[in-house]
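These are the structures in question, set out in turn.
Both of the next two complexes hold chain A, though its partner changes from chain B to chain C.
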Partner chain A sequence: MRALKIYAALFAQMLKVRLAYRGDFLADLFATALGGLSSLFFVLLFFVPVDSLAGWKRDEVLLIAGLSSMSYGLFATVSWNLFEFGDRYIIEGRFDRVLLRPISTFAQILCDQFRIPVLAETVIGAGVVATAMHRLGIGFGALEWLFVAVTVACGALLYVFVFTILASVSFHFEDRVGVAPPVFNVIPFGRWPQEIFPWPIRTLLRWVIPFGFVAYYPSTALLGRGSLKGMAALSPLVTLAFGVLAALCWRLGVRKYESTGS
Partner chain B sequence: MPAVIVENLEKEFRRFRRREGLAGAFKDLFQRDYEVLRAVDGVSFSIERGERIGYIGPNGAGKSTTIKMLTGILTPSGGRIESLGLSPHKQRKQYVRRIGVVFGQRTQLWWDLAVVESFKLLLQIYEVEKRAGEARLAKLRELLALDEFLHIPVRKLSLGQRMRADLAASLLHGPELLFLDEPTIGLDLVAKDAIRALLKRVNDEFGTTILLTTHDLRDIEALAERVMVIDGGKIVWDGRLEALRDEAGEEATAEIELLEPAALPELQRLLPQVRFEQENPLHLRARFSKRAIPAAELLSRLVGALQVADIALPEPSIEEVIRRIYEKAGKSAMVAAQKQGVAR
Partner chain C sequence: MNPVRALHLPAYAGFFVGQFHKMLAYRTRYVTGIISYLVYVTTYYFLWKAVFSRRAPDDAIAGFSGAQMATYVAIGWIARSFYFNNVDRELAEQVQNGSIAVALSRPVSLQGTIVASTLGEGLFRFLFFTLPISVVIFLLFPVAPPASALHAAAFLLSNVLALAILTQLNFLVGLCAFPLKNIDGVMRAKHYLIELLSGLLIPVAMFPGWLQSLSAWLPFQAISYLPSSLWLGHARAGAEWLGGDATLIGRVLLVQAAWVAALAALGAFCWGLAARRLSVQGG
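Coming up: the complex of A and B.
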């Protein structure tokens, strides 16, 4: 509990810093909103000539895309340092300072630099999800609310854990870019019904980089469709498993750093 | 019981040696050569509570590596550290709560936060009891004259202000041990003095043990009671500052300006206990030990034997002694470097 209070204070201070850069804040807000809306329009545009895509109706696809956006927006608030970890902390040596403070190294990295405007993506996603659910005639009972909340939280955490695993690779190989960019480019694949992809990509999204669990499987459960709706129940477990893996990778990395450095 | 015990401390780095050219870079993909670098090579010492130690050595001697091991940032490759009864790298969180660290080259503060916000955050991170924290901050504000820049973001501070802020930050949680890696680097004389005065006061008032590295020997003269010299990863000298001073006092130099060129071999025969160096035909330097020949006697015999225009006896400095220690150690370090094999 005490630790949480410290992290909250750290988080609040860093938030204040971001707000102080007003131009930066507004530019980021604008870019995020534009990005979020354009990917939404892309889905709408796609359905102008066709009625359905691999058996999925427009509103159903919007539900997947909206859920995915909600998770992504939450993740993007802290993703900055994970993407730049190798560059900022290992190569430029900021990790020394992190090790000198009596709190968790991982929490310090997450709190140290984050973006608040990207939450616009979560807000837009929420709007899309609510509209899609309404048009699809899915009720708005407590159960549905809970389901969406858990799904979004699990999705955001899954992103965090996957990119933590990739960031911890930087402890072992000094490289400015790191291995995250190709995986980052996989995120949009999770916004579509997986039936449209060939089997190698489906397998990838299910078992290797499991972004299918962020929005696609939960949507099948919410819509009560197909044979895959049971997979949604696995979503929290997949997140948990990646959390454990991320913690192990991080620890291993920190130990490696402590014994090399320069 | 000593505050810090270090026994046979070692640190090896494996460094990837790149081949030259494009063909070499391609070859590197498949087969890599590593060289093993022993940055710290069997260092032992102990530090008592309340000591002020200057830790010096030429660049690349192993100073920073030692400090990084003492602060728990790096894990030793061999040997043992017991500091405040803890193992720095194994009990990191518990340990760093009780130490303060300042790196002159890099700030520990948050670049974008106002100084006072950084301090408040640190007080929370270190879980300093509220009233004690406020009292300490008030004291540091006064001692380091922090008020003039308390509300300015760290990135806008001058180097001298930043250093004062960093120093205050390292002391906020009342550390028992304070490590400073080149705390005066790049500072002007006034700022250096302020920092030296503060460190001395902190040591006097709170009994904080201080270990600092520096290249400015005036830091050592103003602050250190004890000096450790490291070179080639080994401690080559460890003793009281007075011992260094005595050595410096004993070894003296005379600068001699001549009217006529002197015959050096003859002079050397006349005064075998003195080492002569010839800068140019009209400028000699005589190095001698005051025990072997008193300065007055040397002068009178020089004046008798030579056409002297001027003689100067520069104040002997610890700088000279340390230069000699470095030189002596440099030779043995070169031999050690040759012994290091290339591992694959």
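Coming up: the complex of A and C.
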């Protein structure tokens, strides 16, 4: 209860900082929406000269991309501190301050730079998913909505856990850039039908950096296509497994932490 | 004695050398960077491979065969590893933390120092980033050699101009930090717009007609699409107004140079406006 109150206070403080420049906030929101739209616009452009990709039609690929955008938008609200963790907290020594507060270190890192405008990407993704589902004749029953909601939540958490594992590497190797950028660049792999990739990449995206579970496997389930539609059921389990792994890595890192002494 | 001073190089050379040294200090970034570029090329290579594998070998899309598309993807990303820079982010940080005041007090122009440092960074990237990436990608993917020695030389020069165009665009985006305090969204939107409209992800020749016409009036295709067309020796290059093969090289370089000049002038104008209303707190 006490911890919740502290979170609420931290969150309110952060909101105040962000809303201090209201014009900025709106410009940021507009620009983020533009960015989110243009990544989906690529799928539209791609299907101008091309009519199908490994048997997937435009609207089916849009469904994958839309689901991926929804998860990514949620993840991006908290992602910054994970990317900059080594730099901001370990090298610049901010982690001392985090340790002093009587609440979870991990929750503090996630909430410290909460970004609201990136949620525009989730909203745009939702619009694309709804449009694609409508055009593909997929029903809009409670079951479908629940499925999309669980998928998006699992996808966002999966991103958070993967990048937490990578951020916790910073406890052991001090480096400003860290090891996250190449994995961040793997995210677009997950926006396309996995059949187009050779088996080593497919396996990598299934079990090692499991971004295939964010949008691709759930889409095959929604569309009821292919032999892999059952994989979507594994999505919450994979997310849970990576959550456990992330928690272990984080704890191990915090125990290892020695201040910069500054 | 400072070697730069001993050689009596002009002041701008100091920024060139300085940036080169600054880049050397962040070596791990280049190892992860090489992996990142491998990931980019892999994604888009297989995307296009899936498209072309279902077509007849001579069934080109907008003048691109499957083999040419593989080369286009590889060359486009290799070139990006050279011309990419963070001028917008760096300028915005200077505005936000007030160190821009130091830049104002220097007896040389800010735009000039930025151009000098990005050229220094470009040389560094070319030697320690673009070359190793090229080796890895040439070994792993089927990349065709340039159309001719002349095309290869033009391709290199064209990418220096692409670097100059992107630098000036990034300078303009960085200047947004004067009216806005936070330009993350603007930078993100710019990033996606350039990726798409430069032709890096999909050649401009494959755009729908209206977007091709629009692109002809925008600087973005001069960053990736036009230089890569030189490597392929693509006479069509999706821009018929550029003319036939003989004059293609000259015209591409001319169009790029014109964009550098136009954007630099616009940057100078906007910088003049921004510097006038600058207030550095406690600076």
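Everything below uses one rule, namely that the second predicted complex is superposed on the first by the 241 of 262 C-alpha atoms of A that agree within 3 Å, B and C clash if a C-alpha of one lies under 4 Å from a C-alpha of the other, contacts with A are read in each partner's own complex, and residues count from 1 in each chain.
Just so it is clear, contacts are C-beta pairs under 8 Å (C-beta built on N, C-alpha and C of every residue); 3 or more make two chains touch, one makes a residue touch a chain.
What you are looking at is a predicted structure, and each value in this text was computed from that prediction instead of being measured.
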Query raised in the report: Who does A:Ala149 touch here: chain B (first), chain C (second), both, or neither?
Result: neither
Requested in this report: Check whether A:Phe197 is in contact with chain B, with chain C, with both or with neither, and answer first, second, both or neither.
Outcome: second
Query raised in the report: After superposition on the shared chain, which partner residues are touched by A:Leu237: those of chain B (first), chain C (second), both, or neither?
Result: neither
Query raised in the report: Touching A:Val17 in the superposition: chain B (first), chain C (second), both, neither?
Result: first
Report task. Report for A:Val48: first if it touches chain B alone, second if chain C alone, otherwise both or neither. Result -> second
Query raised in the report: Looking at the overlay, what does A:Arg2 touch: chain B (first), chain C (second), both, or neither?
Result: first
Query raised in the report: More residues of chain A in touch with chain C or with chain B?
Result: C
Query - Contacts of A:Leu99 with chain B and chain C, given as first, second, both or neither - result: first
Query - chain A positions touched by chain B in one structure and by chain C in the second - result: none
Query raised in the report: For the complex, which residues does chain B have touching chain A?
Result: 13-14, 68, 71-75, 77, 89, 92-94, 96-97, 101, 103, 106, 108, 110, 112-113, 117, 121, 124-127
Query raised in the report: Hey, which residues of chain A end up touching chain C in the complex?
Result: 21, 23-24, 27-32, 34-35, 38-39, 41-42, 45-46, 48-50, 52-54, 115, 117, 175-179, 181-182, 185-186, 188-189, 192, 195-198, 201
Report task. Please name which positions on chain A make contact with chain B in the complex. Result -> 2, 5-6, 9-10, 13-14, 16-17, 20, 93, 96-97, 99-103, 255, 258-262
Query - Residues of chain C that touch chain A when the two form their complex - result: 26, 28-29, 32-33, 35-36, 39-40, 42-43, 46-47, 49-51, 54, 61-62, 180-182, 184-186, 188-189, 191-193, 195-196, 201-202, 206-208, 211
